[in-house]
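Just below sit the structures, each encoded as structure tokens.
Next come two complexes built around chain A: one with chain B, the other with chain C.
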Partner chain A sequence: MSTTEQAHNDQAGPPAPPPSTLLGGPTSTAPAGGPAGVLGSTLLRNLLVTVVCVAVMMGLTTVLGPFQNFQLAYVLAYLSALIGLNVLIGLNGQLSLGHGAIMAVGGYSMGFTQNAMVDAGYVDNRAFALWWTVVVSLTVGVLAAIVAGLLIGLAAARLRGPYLAGVTLAVAVLVPGITTAFDVFNGDQGIRVSVPRRPPALAKVLGPSFTNEQWQAWVALFAVGLVGLLMANLIRSRYGRMFKAVRDDEVAAQLSGINVARTQITAFVVSSATAGLAGGVFVFLVKNSQPGFFSLTLSLYLVLALVLGGLGSIAGAIWGALFLVAVPYLTAQLSRGLHVPPDLELRLSGNLPLAIFGLALILVTIIAPGGIQALVRRIWAWLYGLVRRPAG
Partner chain B sequence: MKGLVTRGLAVASSVAMIAVLAACSSTPDTPADEPYVAPQGVTDTEIIFGTHQPLTGPASGGYSKISPATKAYFDYVNANGGVYGRKITYKIMDDTYNPATTQTVVRQLVQQDKVFAILNGLGTPTHTGVLDFLKESDIPDLFVASGATTWNQPSKYPGTFAVQPDYTTEGKVIGNYVKTNLAGKKVCHFGQDDDFGRDALAGLEKGLGAKVTAAEKYVTSNTNVAPQMSALKDAGCEVVVTATIPGFTSLAIGRSAGIGFTPQWIASGVGGDYNTVSTPLGAAGKTLMEGFLTTGYLPAATNADDPWVKLFTKINTDYNSGATFDGNIVYGMSVGYLTVQALLAAGKNLTVEGLEKAIQDGGAKFKGPGIVPFAYSATSHAGYAGVRMSKVTNGVQAYFGSALTTDAADAPVKEYTEAPAVPPTNGIPTA
Partner chain C sequence: MDRFIFLTVDGLSKGAVYAAFALSLVLIWRAARIVNFSQGAIAVAAAYMAYSVTMHTGGNYWLGFGAAIVGGLVLGVVVERTTMRFVGHERPLDSVIVALGVVLIIQAVLGFIYGNEFLPAAAPFSRTSMRIGGYAVWSPYDLYVYAAVAVLVSFLAYLFAKTKLGLRLRASAFAPEVSRLLGVNVGRMTTLGWALAAAAGALAAMLVLPTELGLHPNAMDLVFVTAFTGAVLGGLDSPQGAVIGGLAVGLILNYVTGYAHNPNLAQPAVLAVLLVVLLVRPGGLFSSATARQV
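On to the complex of A and B.
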């Protein structure tokens, strides 16, 4: 495979985003294309952008209140899963309706590992000094999700289109079913997970304004930073180009010497690993692992968020993650602020977000088929044109 | 060259990280040195309570009426001057009975809406998940709308108080009733697969002094209860005691009738309100629910002569846009009444510790709509100490026998004979 950037051109589907939006947030203004010199190295450039993004976000957490930090942590956890799912759907063209279930695998594995460490005395129940246990349990969660992803991937590599959707849908239904069928998972109530609070040493350095929610947001931030860095590199690597080649034309890819099945399984495993990490981070945030969270709805929401945000780019995943957290929150605020009759409010609350998700999906499909990110790019190009015209 | 660049970037990024870390630390807040510091959510003119309720979702049937009723009672109190001049604001959040959503909405109430306390948060699986968070945040967790024994752990969760008789206490009374009045019958259990079902089954077996013939479970995320009903039918059950939320009491009765299985149903009080359970059953409801047994600890909503029912009906008409009056309304208003009693007992200078102490020390003497006494003390945060059996006859749910008290441990089931309290003329308790 050549190492030039030319492999970015797509023939099918929505136009691929320019390289800068693969990494940067929606407001990223990094120059497009790959300039020579220091920024010529993909790894270094991605590392730099990731470090800057993480540092900026860490700064942001000091400004936000505890609840906003908790919401931010939620967005970031969703983002970890969405970035990985985007690699699978956007880059490799495989549909998974079962990623909520893979998050459950990661979440429960993380929870059981964490509790086992508490029981074994590695974590003092009161002081919670040993924050590194979270790293261990999150890693176990990722490993478990990789195993689950490998199993589903093996089946997925043989299946196409609706058949693949069917199998992954079955997984999405099956996994929450398993958690309510066996006593070890404790049914709908789920398992309580003892996670360490903010490290006392860090709290000592940063003072009392360093809240536990800020620490939670940081953990989610480091997780998503790691996922973002690895995925951004993967997208620009030989594997990324193999994923796209398989997505665009399996026969052509095969003729070029790409092992299609192996590539598809790899994509499934990679996206499962990030979903497992996301599931573990969620359990870390809410200190519980419950089937109600990892329901079929979650699996469908993840795909919905990607379609709304924009398939194929990290920026699209960011829009999707923001959407998933903001819509239920804003609609709840709205229905509370409207002073509607109590009877109507009963009906609105809880149901309204679903209606808005549906409406947004219809609107995006009509107005911006490439998702919010495609719309943003179009507006950006239009503004750019406005600025350029007088000069030229 | 490349190695140098890498190293340079590594140093630069480390510096950036340290700079951000340094920016994070700011000066600590200094506490004010005043005799009375109002806690979060309390001002001279207002007290803010928050709650999480299933306004939509699998448990919304009936339960969605509770928090508007409590709010209506608060509005009534506010219209009459409030408590020590403070008006009560009640913020209700829908968690759809999904524990993951409860986590978010309770954080929003505590950290963004700055409530003084969480009041009457509904559900065993939902509320269990926020216990530790509320404890860490030092937020009182009053009168949880669930009968799990979890809420009664004063040493572990000093801020959490139950209100309902716990499911084990209730189960013991039911077991005791079955042992005496339905002797020799095959007794089975159908319960929710969480602490609700487990506590209730434990109590039932304590009261029976024997194991049940068969025990089946359900999860709220799966509304198909046909397999469980078939299993109970095949086991030859003659009495089925349920620990179910109202929607699942209806499902169990409906499904069983469909397969020709009509045992004696005895439901836990939380899933036994006649109006709530019979409505989803439609026209067949009246026939299917004839002889239906359940328990209660508040005046029966159907007893129009009861002074409490009269008071609550009036408030319901004036402040709750005349919602259909049933057990959920009585329950919601009773919680409001109890809350006002607790606030009055805590005194004008309301604090978290003061309120908790007031309930612990004086709660057992609170006289309200309940037909059994409260069990509050320094070592017990349990709510009502017993229940009374009730039966549906010709579509009317009414109590029979006397009120019975016991506890979740091994205390015997005793009759409680003290006459029920009469509401004050203006319907608002006094300190």
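On to the complex of A and C.
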């Protein structure tokens, strides 16, 4: 009886999807119908895109002035953190409100390592020579952040929803306390970090127009390029699909043989590694590591920027990072241009970015979920339709 | 011994405030399944209203106090009706993000009107401890805090357990569909829950601000984090848990600050306790086992 019913159901129901759809489907390694050869390989395609982007940006830095280069480097530092956080929140569905603290772990570890190498004589007093020390110290920063991320991730894998938010929020407010409790961190003042200036060899080749700010932007650019390449590949890999499967339905993922806890911890560790790198780059830029940089506000802004830009894609992270740096700058320009009394100007420039940010968040979440990136995609599709229609 | 008594008494009065604030978070969580991240900002806005009223009435604390409670009720209704109502429930992150957006707007408006400097927050009673039998114990202000929180807790307990309105509030929180079928206006009950919670938060802000640096748009940020920790510790679904969690967090903070002679280790200690509790009971101390829908 049951077998006939089974057979009947099989005939009447829609054709069963192939078993791989749950995990693979639309995001399998090669896009359906994509060209074979170089562009068919995800790794090579992403590598190509990354190299072109980095090269274009390197060209752009030669045109920009020192201040603009510094601002660009800032955007790029935020971007590395956002791309990693995107893997955690957008891809794996775990909310972390404490990534500012993980950036602090990366930043302080980078600073201590860098200063230790200065003390050991690997960097001379003018901090001109031996640019590779920054690679070593950034790597140490990433490793330290991985350890921190592993510890939090182990707890996070057991917690859901508001309980996870509560723990990560408690992590976010740790930085000021810990940095004042132990003397090595030098309290609110923070530690000064001697970072290598532009390599003399490069300066000799590129001439006097190669500023130190340009070199800083380049370091930030290489960091982002590396993060972007690795994450773009991760999203398209088996791990990326496992992250998504766990996000969409934990029970179904578990039934498909995925170790849910281990996947969640992996996502936490990956995003912590990029946050650590971002913190290290940040300290490299400002030559200083202090608790004020890694406040609760930073932790929250990272999440907010990601939502505003658009969760789930690297392009969304780029929009978010731009928004994060551009809005305070533009409102400061605006309130200066209004010619109001200085007291009012100060209040405007301090509070207007907050109001704009808050309003944008509410509107985006309620009216345009998917953030700026989804809007851009919609406008793009509309323009494409305009172009196509007369022809077809 | 003297020190222990002092730390316990002081910790309990801090904890009472955290308990009141944690209770306000639990109210909204139970009514709308939302952790209201804007609770701290709403409470600060109510406290600023109290400040304005007190200033314009020649320093009358109690008129300001009343203004804060009424302001909290109104702000709760406004926030729920203008923004939170429109947030969908399919993505849990959305309500967090919208609440943070509300925080930013409230803080920007407060900073624009009142400036980003600390303003004084007056206490209605003396804050110097009385001495009983040679031990420094409660100050009149501590007793006032206990009394205010006790009134709040008993009012809420009476409302939810003994009145028809409380029954409707509980019903629409636990089974919105069924309540709607039985004629309960669930939307209005949710709004009422927000108003009650915001007023409770405003009360907590009025109690805690005189003991800290004073009024500032960000003044309740850390109180929010600490009270949220307390609420999570107790289990977000349990009002008793919120009160006990809040008191526990107040005591832990004070013992660590007092005995380690280092106030900076207090937050790490709270996190450590939170982690230990949640690793043993992932739904908080007072959680009941829930079936997970497959």
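Here, the second predicted complex is superposed on the first by the 355 of 392 C-alpha atoms of A that agree within 3 Å, B and C clash if a C-alpha of one lies under 4 Å from a C-alpha of the other, contacts with A are read in each partner's own complex, and residues count from 1 in each chain.
Here is the rule we use: a contact is a pair of C-beta atoms (placed from the backbone, for glycine too) under 8 Å apart; a residue touches a chain by one contact, two chains touch by 3 or more.
Because the structure is a prediction, the values reported are computed rather than measured.
Participant: Please indicate which partner A:Asn351 is in contact with in the superposed arrangement: first for chain B, second for chain C, both, or neither.
Facilitator: both
Participant: Thinking of the overlay built on chain A, is A:Thr139 touched by chain B (first), by chain C (second), by both, or by neither?
Facilitator: neither
Participant: Considering only touches as defined above, state whether A:Thr62 meets chain B (first), chain C (second), both or neither.
Facilitator: Once the two structures are laid over each other on A, A:Thr62 reaches chain B alone.
Participant: Which partner chains sit in contact with A:Thr365 here, chain B, chain C, both or neither? Use first/second/both/neither.
Facilitator: second
Participant: When the two structures are overlaid on chain A, which partner does A:Pro162 contact: first (chain B), second (chain C), both, or neither?
Facilitator: second
Participant: Name the contact category of A:Gly292: first (chain B only), second (chain C only), both, or neither.
Facilitator: first
Participant: For A:Thr180, select first, second, both or neither according to whether it touches chain B, chain C, the two together, or no partner.
Facilitator: Both: A:Thr180 reaches chain B and chain C.
Participant: Taking the stated contact definition, name every residue in chain A that is touched by chain B in one complex and by chain C in the other, in rising order.
Facilitator: 176-177, 180, 347, 350-351
Participant: Along chain B, where are the residues that touch chain A in the complex?
Facilitator: 2, 5-6, 9, 13, 16-17, 19-21, 23-29, 55-57, 60, 64, 68, 91, 93-94, 96, 98-101, 103-105, 107-108, 110-112, 124-125, 128-129, 132-133, 136, 192-195, 217, 219-222, 320-321, 323
Participant: Could you list, by residue number, the parts of chain A that touch chain C in their complex?
Facilitator: That would be residues 89, 95, 155, 158-163, 165-167, 169-174, 176-178, 180-181, 251, 296, 300, 303-304, 307, 311, 347-348, 350-352, 354-355, 357-362, 365-366, 369 of chain A.
Participant: In their shared complex, at which residues does chain A touch chain B?
Facilitator: Counting only chain A, the residues touching chain B are 38, 41, 44, 47-48, 51-52, 55-56, 58-59, 61-62, 65-68, 70-71, 74, 176-177, 180, 186-190, 192, 197, 205-210, 212-214, 285-288, 290-293, 295, 329, 332, 336, 341-343, 345-347, 349-351.
Participant: Taking the complex as given, what residues does chain C use to touch chain A?
Facilitator: Interface residues on chain C, with respect to chain A: 29, 35, 83, 86-87, 91-94, 96-98, 100-105, 107-109, 111-112, 115-116, 221-222, 225, 228-229, 231-232, 236, 262, 264-268, 270-271, 274-275, 278-279, 282-284, 292, 294.
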